[in-house]
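In what comes next, subunit A is part of two complexes: it sits with subunit B in the first one and with subunit C in the second one.
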Partner chain A sequence: MAVEVKPRESSDVETEQLATGCEAIAEAIRLADVDVMAAYPIRPYDGVMQAAAKLIANGKMDVEYIVADGEHSQFEIVKHACAVGSRVFVGSSGVGWFYAFEAIAVTAGLRLPVVAICGNRALDDPGAFGTEHNDSLAVRDLGWLLPWAETAQEALDLALMAWRVGEDKRVSLPVAIGLDGAFLTHSQQIVKIPTQAAVDKFLPPFDLGDRLLHPDNPITIAPQVDQDWLMEIRMQNDQAMRKAETVIREAHADFKRLFGRGGESPFLDEYMTDDAEFVFFGQGTLALPMRVAIRRLRKEGHKVGLVRLKWFRPFATAEIVRSLSRFKAVGVIDRDYSFGSPYYGGVLYNEVRSALYSQPKRPVVVGFIAGLGGREIEQPMAQEIFEKTKAAASGDLKSGDTTHWIGVRA
Partner chain B sequence: MTQTESSITVEVVYRGIFQKTLAQRICRSIVLAARKRGHTGTAFARYGDSPERNGVPAKQFAVVAINDLELEASMAKYEPAVVDVSIAVDDTLVKGVESWAWYGRQPIWKPLRKEGFLLVTSENTPAEVLAQTDTAERPYTLVIVPGGASFAGLWVFKDDHTDYRVLGALAKVVPDWVRLEDVKALIKEQTKDEGAVQSAQYGFDGAKLRAVKSGEGTSSHEVLQFEKPGWTTMRPGIVVDARKPGERNPQYKKYTARTLRPVVNFDTCIKCTMCWLDCPDECFEVTPEGHYEVVYEACIGCGICAQVCPVKDCIVMVDELKFEDNDDKWQFWKKDHDGYNKWFEQKSGVSANPQVRTPPARQAGSSNANPSANPTTAAGGDE
Partner chain C sequence: MAVETTTLPQIKGVKDVPYDELFVSGHRTCQGCESALVMRHMVKAAGPRTIVLGSTGCMYVANTTYYTTPWVVPWMHTQLGASGSAALGTAAGLKVLMRKGKLKNEKINVIAFCGDGGGADMGIGAISATLTHKEYNCLVLLYDNESYANTDIQLSSQTPYGAVTTFSPSGSKKRLMHTRWKKNVPGMLAAGHPESRYIAAGCAAYAVDLMNKIRKALELGGPTFVHTLDPCPKGWDYHPQYSQELGHLAVECGIWPLYEVIDGVCNLTGPTRQIAEGRKKRKPVYEYLKRQGRFAHFIDEDVEHFQAEVDKMWTEWLVPGVIPFTVPAKDQAILKIDKKALHEQKSA
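After this line comes the complex of A and B, so read on.
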């Protein structure tokens, strides 16, 4: 059925909407003038499907919207569309993300800047819908850029950043934005929708250059290689990931200039850290209850703050080390698990410890596993995290006793 | 999270699927109306209720605050443990709610703070609604908003302005947060329909307030609560005990999903098995005499038994608010035949004698809440 599409809105007035994280992403798809998106339903990603479909149905957006027969096809469709020069969007959640895993791996291998969201959801079994970061984190070694949003506004903003950074020729890597299921994907918040003119200034048209798969540009992509070629190809990906850090900083500076948002650093969002002795470290929506806890603890005289990680890949090691070295102790809160890992800690915990290893002055690092499967991190849990972090700083915890599960029934 | 000068939390308790859109409209409108006077806010559904099932009680929330900092303070407990206003958009929900998201049956006022407001859309009187509400543990104000259980959020039903009436009534009880003029302006913007605006005024004017003291209400509803096991007490491998054949789930009973309940005339039953066969929840038990009796603890009130029963008025769907218990009614009929038939006639408004022609019982709720229009096909999961 033909749908009349209105000309792209040229309104120069920023508007405001009450939108879920998913709806905010749909607005970003519209503003970025995405060419192809692929859909296959799984909660919480399906919220984006619905919101984008409605924008198309209402004539507000013109995008080739392909409903796939499964997540693997979904990710293959956008990978191919991207190879022929389309700006693309895709996404999934939990086990759906895993069903697409092979396509996810090859997309990074091919240096195709697909932008995805992973609506973070616990992996089956047991079946659960709530947030857990293991789905996104499973691709951490493959060459995907992995930012995490905390609010619906940040989801929209990070999506625009994702196309800008991923499509930059120095990077040309896929990006998967982590959105916490329920807390972010399904909560309606007040979101500022930028103007098309401002977005057009920020986001240049997608141009694959001489890598464009087109009859006028006869090339082969994705040939079979062997040991004579593979390491050099991996090295290119490594270099692209290294450059991503600089490109993110540039894009962030532009974003701030054009939209007036984004905070001081693209990588870290620090809260009440100036005089802090102890900080919590984590990503996504857990920042909200921790900030509320910090305000309460500060009233009691505790010098405590929060460092929220906004990009897990690339891991801005130098900046993170510089930030965390200022504190006596860091309580890393993982909304994930890594069974059998060093100290049985979470993924973030071991990344942070590894990053700090060569520093002459290191904070004590304590690991917390909390909020799995969408369980809320409530104030008594935040209090427990604080007390254990503080105790560790004064050497009260036994050596090796560095990972704590918070809020689990015995 | 209690109502302070800095924030207010409102919940909408509704029938899963059937009233999902209605609840969403109400919650969104609360935030948008409050936004008109400069407040900020958020609206969300309880994730644990989803995927919703037909009629199973579910919740959505609206939180409004004077600024972002206060909103955060309020959101630190994502699913509010305490609310300032609870809105039930079907009066049978006052009998208690057993949802997907928790274990056991809870009184409708469970999260309501002391001296909070319980808004109920109902065509019954405050006294009739209160009579079916669990004994109050703290004082609150019951507010009856004129209107029945609306299914208008479903696309097959006509809009009936239930959301506007609720918003009008809300403006009456918490004017510091939601002003009538803001509600009206919002509705006008969204609908360009003066009739819709007037519905908000009607909700404002027609809302009946009844102060409820501690101790008022009924103690006849069962207490249904369960302890959740810990990691040391669970069986490994995600194993749970199966139910034995014929055994019903003692942890999840389903009856609070009911707006209407089937009442059986055992005299006219021809023992054809149709109700027993077609009941999607296997609620019927065979009696020693070959009748089929409803196990009310398991019945969700879908009305399929009444639809498939070939005998006129043998199974009649009746407003759930008229019943105090889930007791076995076949025993009643066995022990006291005439007494039962009198009870049947009184509840259903239908004669127990098939020779007597009676008009069909007037059903509770709006014309939309009609059991013959059971919208099972409209169920939309969102997994």
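After this line comes the complex of A and C, so read on.
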């Protein structure tokens, strides 16, 4: 059904510009030739919709830009646009993400590669604008791929990766990129904007194949399957998620070759870990204050490093276990909570502990809840995390039965 | 490249109805299900170059059980409250892909259907939003069987006054659990969405009228809306052989007026027009109520209340069955409103 494709306006030279995380994502939308996007206001994700609207108004890209009547409609609109073969983009934050929850769940069930950002924001009530990862993490079991960006550059790069991986026929799952509210969505950084030619080499056109909803392909999508077939279909989703790890590695290798960025591994970003005895483990922008702390602590002679997780789903278990088993202790910093969970730990803490359980040699794992609601992780807090992790490494704290809330007023 | 257009001319009579069936066997709707008939008429009128989106409800669960499908045209499920968004997203996707040359440029009809629960209750916001996006061609069809009939007959905002449902049983202390008057959905949508080119109320008992309404909606383009009243043997409690008769009675008693609003002009159609013109006498609502078990607990005062509300709709509403408010006599002149009955205007 695909016929002549119109040549697109190309930017032949890689440029650098000062951009927020949201603006960087908007550039990725332009470069990916997105067909349909749906907007609805909620801070802080909506910066990306404002940036995209400007690009459209100024003739920089051709996208159907639909301002929806709520997040549920937003996600339903792109889901259905995707089913007829459109490359799509959508996003939300905090309680807005939850308002769309039904549509978010079925999008993964339908295996439609919708790409979204979740501008991570604390859930009401009480109200807070700042970052907290519980919005993204709420969809962790449903079949969404969940990468987390640390910088505006990584936001742009992960967005291009998201369409490439999500639309790959072996995967065909939606992707939600986590962007820490304010710290990343609204902080300006220097961002390299790749050329259209390079992006076109990296990102093939979207092709749903025989799953396209079109009168020439009159299929019935998502009938009632009941107990008769649902389990087989759930297992197919599981297999797709398993394949995603390989597809991400392939895409990452191609990305590095074409753009020269992305680091050693698509899943982990390690900092000063070569000789480290213990490390901090977390995702998103909290890596920045922790790196500052590590440099300071290294000057004092402490062998400490950072392992930053870049994809929460799929959870690259083997690689994460291989990496973390090298250390005496791991301090997992959760910018989220999971009330009533084992050891009252955060989500990441329990994922890491579960991954390490079957290992003969495993580090002590200590849990930290920090930076909720957009609270800055300041150096005294980093120091406290360090001291508690160090104490655990030397056996002063028992592994696993400890979760510490950091920087909380008495 | 020129757009290939399918033209959908108006059907002149039963003999002019297309022979091809695009909603066929492979479903398990109840005997006498008028909503299934609406599906059949809907897609027959629209033709094969059509994509249908179906929101959760009877016409999802009873129609599409895996391994079978009655749909000859492409069909996709959408969520209970998402028919408006499904129509919009599908239409927007097709439009942009054709504009960018990624898909062959041709006319493809987009129809999203919903029940009264999905459309009049949960999905009304999304339908309303869709009807304001005039650049996208899509039709939302609301098949109204006056309850959540798929989930055990619970009352919806479309359940008529006093009717028994599993959420409104008639008991020894409370004869009537449900005392809200039916929400006026097509009238509300017509009044609130002046840029929608076509909004209509139909009934499968008047099949040609309904098919022509579907065709007009698709031909005029932009976002459009059709609401059908579908007698439901299970929910209304009557023998399945009387479905068509009850559809006729709903219209003849003046309870369900048939009309269409084309580019802001309201036309009454079928027997509703004949009643308004005075060529046909409106039947008492008792003729309709007495045929259904869901009204079996009604006593005289309930019937009288029901009749009075329907009478008010015909004698006091600005447009019978469409625009519910009245205008004080002193303001009718300044607002240029002629409140004479339609048949009086005609003879004048």
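The definition used in the following text is that the second predicted complex is superposed on the first by the 397 of 410 C-alpha atoms of A that agree within 3 Å, B and C clash if a C-alpha of one lies under 4 Å from a C-alpha of the other, contacts with A are read in each partner's own complex, and residues count from 1 in each chain.
Here is the rule we use: contacts are C-beta pairs under 8 Å (C-beta built on N, C-alpha and C of every residue); 3 or more make two chains touch, one makes a residue touch a chain.
On a predicted model such as this, the values are computed, not experimentally measured, just so you know.
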{"item": "Side-by-side fit of subunit B and subunit C on subunit A, or clash", "value": "fit"}
{"item": "Touching partner for A:81 - first (subunit B), second (subunit C), both, neither", "value": "second"}
{"item": "Subunit B versus subunit C as contact partner of A:409, first or second or both or neither", "value": "first"}
{"item": "Residues of subunit A touched, compared between subunit B and subunit C (which is higher)", "value": "C"}
{"item": "Vertex subunit A; arms to subunit B and subunit C (CA centroids, nearest 10 degrees)", "value": "90"}
{"item": "Which superposed partner A:64 touches (first subunit B, second subunit C, both, neither)", "value": "second"}
{"item": "Contacts of A:219 with subunit B and subunit C, given as first, second, both or neither", "value": "second"}
{"item": "Partner chain(s) touched by A:227 [first = subunit B, second = subunit C, both, neither]", "value": "neither"}
{"item": "Which of subunit B and subunit C A:186 touches, first, second, both or neither", "value": "first"}
{"item": "Touching partner for A:73 - first (subunit B), second (subunit C), both, neither", "value": "second"}
{"item": "Nearest Cα pair across subunit B and subunit C, whole Å", "value": "21"}
{"item": "Interfacial residue positions of subunit A with respect to subunit C in the complex", "value": "1-6, 33, 35-36, 38, 62-64, 66, 68-70, 72-73, 76-86, 88, 102-103, 106, 205, 213-215, 217-226, 228-229"}
{"item": "Footprint of subunit A on subunit B - complex, ascending", "value": "27-28, 31-32, 35, 40-45, 47, 50-51, 72-73, 75-79, 228-232, 238, 382-383"}
{"item": "Sites on subunit A touched by subunit B in the complex", "value": "18, 20, 41-43, 46, 125-126, 129-130, 181-183, 186-190, 288-289, 291-293, 295, 374, 376, 378-379, 408-410"}
{"item": "Touching residues on subunit C, where the partner in the complex is subunit A", "value": "48-51, 53, 60-61, 64-66, 69, 71-79, 81-82, 84-90, 92-97, 99-104, 108, 125-126, 128-129, 133"}
